[in-house]
Amino acid sequence: MTSIMVSRIRRQQIAQLIADGKRLDGRGPKDYRPIQIESGIIGKAEGSARVRLGKTEVMVGVKIDIGEPFSDRPNEGVLTTNAEFVPLASPEFEAGPPGEESMELARVVDRGIRESKAIELEKLCIIPGKKVFVIFVDVYVLNHDGNLIDASTLASIAALMNTKIFKYEIKDGEVEKKPGFSPLPLRDVPISVTFASINGILVVDPWLDEEEVMDARLTIAFSKDGRICAIQKGGSGTLSPQQIIEAAHIAKEKTEELREIVVKS
Amino acid sequence: MTEKIVLVNEDGIRTDGRKLSELRPIKLEVGILSNADGSAYIEQGKNKILAAVYGPREVHPRHMALPDRALLRCRYHMAPFSVEERKSPAPSRREVELSKVIREAFEPAIFLEKFPRTSIDLFIEVLQADGGTRCAGVTVASLALADAGIPMRDLIVACAAGKAGGHLVLDLNDIEDKEGEADIPVAYMPSFNAVSLLQMDGLLTIEEFQQAINLALEGCKQIYALQKEALKAKYQAIKESAEVTEEE
Amino acid sequence: MTSIMVSRIRRQQIAQLIADGKRLDGRGPKDYRPIQIESGIIGKAEGSARVRLGKTEVMVGVKIDIGEPFSDRPNEGVLTTNAEFVPLASPEFEAGPPGEESMELARVVDRGIRESKAIELEKLCIIPGKKVFVIFVDVYVLNHDGNLIDASTLASIAALMNTKIFKYEIKDGEVEKKPGFSPLPLRDVPISVTFASINGILVVDPWLDEEEVMDARLTIAFSKDGRICAIQKGGSGTLSPQQIIEAAHIAKEKTEELREIVVKS
Amino acid sequence: MTEKIVLVNEDGIRTDGRKLSELRPIKLEVGILSNADGSAYIEQGKNKILAAVYGPREVHPRHMALPDRALLRCRYHMAPFSVEERKSPAPSRREVELSKVIREAFEPAIFLEKFPRTSIDLFIEVLQADGGTRCAGVTVASLALADAGIPMRDLIVACAAGKAGGHLVLDLNDIEDKEGEADIPVAYMPSFNAVSLLQMDGLLTIEEFQQAINLALEGCKQIYALQKEALKAKYQAIKESAEVTEEE
Amino acid sequence: MTSIMVSRIRRQQIAQLIADGKRLDGRGPKDYRPIQIESGIIGKAEGSARVRLGKTEVMVGVKIDIGEPFSDRPNEGVLTTNAEFVPLASPEFEAGPPGEESMELARVVDRGIRESKAIELEKLCIIPGKKVFVIFVDVYVLNHDGNLIDASTLASIAALMNTKIFKYEIKDGEVEKKPGFSPLPLRDVPISVTFASINGILVVDPWLDEEEVMDARLTIAFSKDGRICAIQKGGSGTLSPQQIIEAAHIAKEKTEELREIVVKS
Amino acid sequence: MTEKIVLVNEDGIRTDGRKLSELRPIKLEVGILSNADGSAYIEQGKNKILAAVYGPREVHPRHMALPDRALLRCRYHMAPFSVEERKSPAPSRREVELSKVIREAFEPAIFLEKFPRTSIDLFIEVLQADGGTRCAGVTVASLALADAGIPMRDLIVACAAGKAGGHLVLDLNDIEDKEGEADIPVAYMPSFNAVSLLQMDGLLTIEEFQQAINLALEGCKQIYALQKEALKAKYQAIKESAEVTEEE
C-alpha cells in the first residue's frame, strides 16, 4: 500500500513537471544526461568500451572466435549479442540465467547493429560453409539508473569500433593465427534514442525514476545515412501514431548528436 | 542470397499473387478448445495459430499475485514442427522477447484492476509459421480473451507492414520477411487510435516508415472487422443453440 | 477437504455405473469415444496429423533432419519421440521443461513404434556410421480430456503414414538435397489400447473424469500381425494376472478396429 | 547386430549357463548404510544395486505435503560408471520414467494413509547394471522399506520374463535384454496375487505373453522367499546382538 | 532455538574432550577411523574402488572414453573429476544438480591428482591435437559420516590404481579397439589428510559430529616424495600460520601411513 | 609447454620486470557505483575487478533467513570478455568453488550476529583477469564491505605467493600461475594473525611452503596499508565535500 501511494505521489510530481516541459533532474525533454565513453579498456578483449550515461554504467567487451556459419548464410560471419544484468548493478537484479528484460535488451541492441549492417559480416568468412569469425558482443550492465538500451547500444558500437581481428592463414584446412591484427570491418554506426512516454508526453533518455512511472517506452535506432534501422516499443502503455512519427523526427536529430560523440571518443 | 528473389514483379504483384496493400486470406474461429476458459484459432496465409486463455484464476506460485490487479502472463511459443528446421521446444530468446511485447500489448486493453490477486494466462501456440506470427498471434489472442469473457477496453488487432522488393507492402509473408527490406509489426486498439506493440527490423526512411505505419493501421482496421464478425458468429451460434435447447 | 469429498462422491458414482456395465457419458466398457483424424495439415512438417478422441485433441508433427547414428546401430536411422503438454491443453499443465507424465507419454508412444519396427530404420542410413536420417516425432497435446496415450499413438502413426523424405545425393561426402520426395518407409501400424481399472473393472479409452478416479491404467499396443509390441501399466493400483490377459484379448480386438480407422484416414 | 548372437544353444542353455527358467544368483543384504532409515543391497547376476529409505519425515518443500497420506517419492538412478559408456549423472528420460513406474508399484503396498503430511523417500542406486535393474531395484527397495519399519501390506517383489533366442526365458540378463525378442518386467505382491508394475518391450503373441507372465510370477515367488530369508537373517542378527548385549 | 542449544551443548562437550586430547569416539587427535578399501568391484568400469572410513562410505568408478584434448595441451589426455552427493548417503543430501559442496569436493580431489601429476597424461594422447583418452573419475558418496575429502581421495587413487585402458589401433584416422588392456600409467599416489580445527585444536579425520561443530577445515595432500601437492581450507573459522605449518608436518606423517594402506589394498 | 618459458631470469627478475618478492602495482578506489550500498574497484597488474555489497537487507527467498545472524552470500564471477577465450556467463565449477571459499574467508570477519534475518550480498566481478583474481577479489570486496558500513573485526586482505622458475615469488601473474610450480592464495586478518582462506596448487616441500606462506603474509601486510589508505582517501573526500556543502 505505502509503496503504491509513494509511487503515485512520485508519479504526479514527475508528470506535473514534464507537463511543464521540465524534469526532476533539471533536464529538458530532449536532453540526454552527460555521456562519457572510454574505449579499449579491456586489453584481453578484442574490443571494449565503457559508457556512463548519467549514473547508468555499461561495459561491453567484444570477443572473437572461429565457428561455423549459419546454414543459410554460409559466407558470412556470425554476430552474437548477449546482455548480463550483473547483480551488482541494481538491488533488483538477481544472479542467474538471463530473464526477459536482459534478453530483450540484447535483442534490441543486436537489431540495431544487424539491421544497419554495421559489421561487414560478408568479410568475416574464412572457409565458406565451414569456418567464419564469430563476434561475441557481451553487454555487461554495471549500474542501472535507467535507459539501458541507449547506453548499451553506445557501448556496443564504441567497442566494435576499436575491435581488432587477429590475422591468420589456412594450412591444410586448419586456421592458424599469425602475428598482427586488422580492424573489424564496419560500415555503419547505428545509434538508438529511447523515449519514455509519461502522461502522454515524450522525454528522451529516461532515468530510473522516470522509467518507474512511464506508461510506455519507445526506442528508435538510426543508421549513418539517416534511416531507421530498428524500433522497439516497451511498457504497458500505448502511443498514438502521431507520437510515433514525432518521436522518429526527434530521434533522427538526437542520433546525429550521439553519433558524433561516439565517433570522436 | 546469391540470386536475389523477385519479391514484387513489374505489375506490382507479390510472390503469392497479392497486391501491395492486400492482406492474406484470414480464417478465424472462436471457442475451439474445451478445457480453456477461452480459445480461438487463426489461419492467415499459411500461418496456423491457436490461442487459449485461462483465468482470472488463483495465481501459482502465490507470491506472484498482485494486490491491486490481475497478473497477466503470456507465452508465445512455436511448435517444433511449425518451421522448416525443427525448433527445440525450449523457449528461444526470440520467443521470450515476443512473449514480453505481446503481454505489454494486451496490458493496456484488459481491465486488470477488476481482478486483483488473480492471474490471466494467455497461451499462443504457433502450429505453422509463415511470417507475421506475432501479429496473427495478437489478433487471435484477442479473440480468445473475448471468448473467456475477460472485459477489455477494445479488441487488440495486429498487422505488419514493411518494404519488400523496393515497395511498401502490407502483411508480409515468410519470404518477404526474410528477404525483404523492412518489417514493422504493429498492434492497435482501433477505438482509441492507440498503438500497443511496435517493432521494426530493416532500413526505412522516416517518410517510408510513416507510410508503412499507416498501411499497417489500415490492415489492422480490416482485420478488426473480421474479428468482430468472428465473435458475432460465435455468439450467434451460442444463441441459436440456446434457443434450440429452450425449444426442446 | 471438500475436493476430497467431491472426488469420493464422483468416484462412487462413476464406479457404481461401471459395476452396472455403464459409463457416465453413455458408452459401454469397450467403446471408444468418436475418433476424428486429419492428416497432412502442417505443410511445413514432413508429416503431420491431428487426432480428436472425444474432446481430447493431439497434434503430431514429424520433422526430418540429418544426423549421426547411434554407435551401436551405425546403419540405421534414428527415431526421436518427444511429447509436450502444451499449457493451453489443460489448467493442470504448466509451461516449462517436460515433467514425468509427458516423458512417460513420449516413451510409451515411442515404444509402440520402435518395438513393432514400424519404421524401416535400416533404410534411413545415408553414409554408414556417419550420416543417417533422424525422425523427430513431436507429440503436441492441445486439449486433455483423458487417454492421451492412445490419441498420441494414433496421431503419431497417422503422421508417419503421410511423412515424406526429401531426395538427396552425396557429393564429396556431403549430402545435397535434390527436388522431390519419397514416402517414409513403414512396415507396420502399431496401435495402442488403454484401459482404466475402476474398482476392479476394466473400461477402454478412459476420459478425464474416469482417469481421475481410476486405480490403475493399462496400455497394450499391437502390431499389424496381432502381436503385442508394447505394454505400460500406470497408476497406483494393481491388476490381477487374469485381468491383464483379459485386457490383452480385448485390446487385440480393438486395435484392429482402430487400425482400420487410421489406415482409411 | 550383423552376426546374430546365439542366446540359447541347442541344449536350451543360455549365454551365462542358465536354463530357460532359471534365475541368476541373487545375494541380498539388509541394513547396510548407517544414515538411511532403512537400506538394502542386491546382487543379481552382475547387477549391483543399493536402495535406501528416508522417512516418514517432514516434507521439503512443504507445499508438497498431502493432507491425508504420506507423499511417496522415488528416484531410480544409475551411477555414471554402472554401464559400458559413461552415463551423465543428470537423470535421463528413461530414469525419470522408471522412477515413476517404481513409485506407482509401491504406492499400493505401503500404508501411506498412516503418515499424513510426511514424505517417504526411496532411493535406488544402480552401481552396476546387467539387465533387469528395475526389477532388482524393486526387490531391494522393498527390503529397504521393511528395514526402515515402513508398514506394508506385502513385500513387493519383481522379476522379468521374456523371449530370447526364440525361447521364453526368465530373468533376462543384459545381452538377452538387448538382443532378445521381448522383455516383460513385472512387480508383484504374492499374498494378493496383484501386479503393481508391468511393462513390455518387444514382440509376443498373446499366448507367449501369457506364458511369460506366468514365468515372471514364478520367478517373483522364488525371489520373495529370498527376501523373507534376508529379513529374517537381519532380525536374527539384531536379536542375537541384543541378547549378547543383555548377557554382558 | 532447541537445535541451536543442543548444538551448543554438543559443541562444548566435544571441545572439552578435545582440549583434554580426547575424542567422543575414543580416538586420539591424530588417529584415523578404521579404513577398508575394496578395489575392482565394478567390472563395467575401467577402474573402481570402495572406501569405508569409519561409517563414511565412498565409491569411485573410473570410465575411459576418447575425446578431444584441451587446445593448450594438445598432447595430453584429459582428466575429469565429478562428485555426486547421492541422496541415499545423508538426510541432508537432495537429488538434483551438484551444489557447491560437491563441486568443491570434486575440485579438491582433482587438485591432488592433477598437481601431483599422478596420471601420466602425456602418455594418453592418441592423435595429437585431435584424439586423446578422457579419464572420468566419478566420486559417489554412499554414506556421509564426515571427512568426505580424504575418503574420496583414497577411493579415487585406489580406483585409478586398478584402472585399465583398452588397446587400440588407428585405421584411416579412426580409433579401433583391439582385444586386451594395459594399466593406466600412474607415476604418483597423492594422499590427503584433513583436519578439523575445534576451539583452536586440530584433529585429523573429523567425523560428522566434529564437522558440525568445527571452526575450520584444512586439507593437505602430499605426493609420494613428500611434497605438498594441494591444500584447501574450508569452513568459516580461521587458522594461525603456526597451526598451518604444524598441520603440514602432521599431514606428511599421516599420508605415509595412508599411502601404505592404499598401495597394499 | 614445448619450450619452457623463462619465468625468472639470472638476475632474479620476472617476466613483468618485478623482483621476486615485489607486488604488482595496485590501484584501489572506494565507492564507485551509485546503486550498491558499498562498492570498490581494484587494478592489480592487469587485473581489473569490481566489488559491490547490498545489505544488510531482507532475504529473498525468505526461508533462507537465519534466526541468529545475517546470511552472507558471495558471488565471484568473471565477465565473458575477461579472459583470452570467451567465457560462458553461466557460473563454472571454478567460480562456484571460489565463491564458496571467499564467502568463508569473510564470515569470521563480519559481525553477522548483529543483523539476524537479513542478507549481506557480496558481488565480485572480474572485468579483466591476470592471475590472482581471487586474492585481488577478496582485497577489493573488503573495501566494498567497509564502504557499505558493514561492521568488521578487521579488513580481510589477500595475496598469493608461490614458486615460479624455481624461485619463491610473491603475487603471481597469469603466466606464473599457469607455467609456474606452485600457487598459494592466502586471505588474512592482520590484526589477528588469522588466515581465513588458504589453497594451494602445485608441488612444494614443507620448507618451501612455510617460506611461501610467510612471503604471502608480507604481501598481505603491504596491501593492508593500501586498503587503509584507500578508505582514508574516501572518508577525506566525503568529509571535504561535506565541509564544502556546509560552507556554501
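Structural remarks
When the chains are written out, they are named A, B, C, D, E and F in that same order, and each has its own residue count from 1.
As a convention for this text, contacts are C-beta pairs under 8 Å (C-beta built on N, C-alpha and C of every residue); 3 or more make two chains touch, one makes a residue touch a chain.
Fair warning: this is a prediction, and the values are worked out from it, not measured in the lab.
Counted as hops between touching chains, the shortest connection from chain C to chain E is 2.
Under the contact definition, chain E and chain F share no contacting chain.
Among the other chains, the CA centroid farthest from that of chain E is the one of B. Look at where the CA atoms of chain C average out and do the same for chain F: the two points lie 58 Å apart.
Rounded to whole angstrom, the centroid-to-centroid distance between chain A and chain E, based on C-alpha atoms, equals 47 Å. Chain geometry summary: the mean Cα position of chain B and that of chain C are 31 Å apart. Taken together, the touching pairs link the chains into one ring where each has two partners. Taking chain A first and chain F second, the full cyclic order of the chains is A, F, E, D, C, B. The residues of chain F lying in touch with chain A in their complex are 33-36, 39, 46, 48, 50-52, 54, 57, 60, 75, 77, 79-86, 89-90, 121, 123, 125, 127-129.
For chain B in complex with chain A, the residues that touch the partner chain are 1, 67-68, 93-94, 96-97, 99-101, 104, 107-108, 184, 189, 192-206, 209-210, 213-214, 217.
The residues of chain A lying in touch with chain B in their complex are 1, 4, 72-73, 100, 103-104, 106-107, 111, 115-116, 218, 223, 226-241, 244-245, 248-249, 252.
Of all residues in chain E, only 41-45, 48, 55, 57, 59, 61-63, 65, 82, 84, 86-91, 94-95, 97-98, 136, 138, 140, 142-145 touch chain D in the complex they form.
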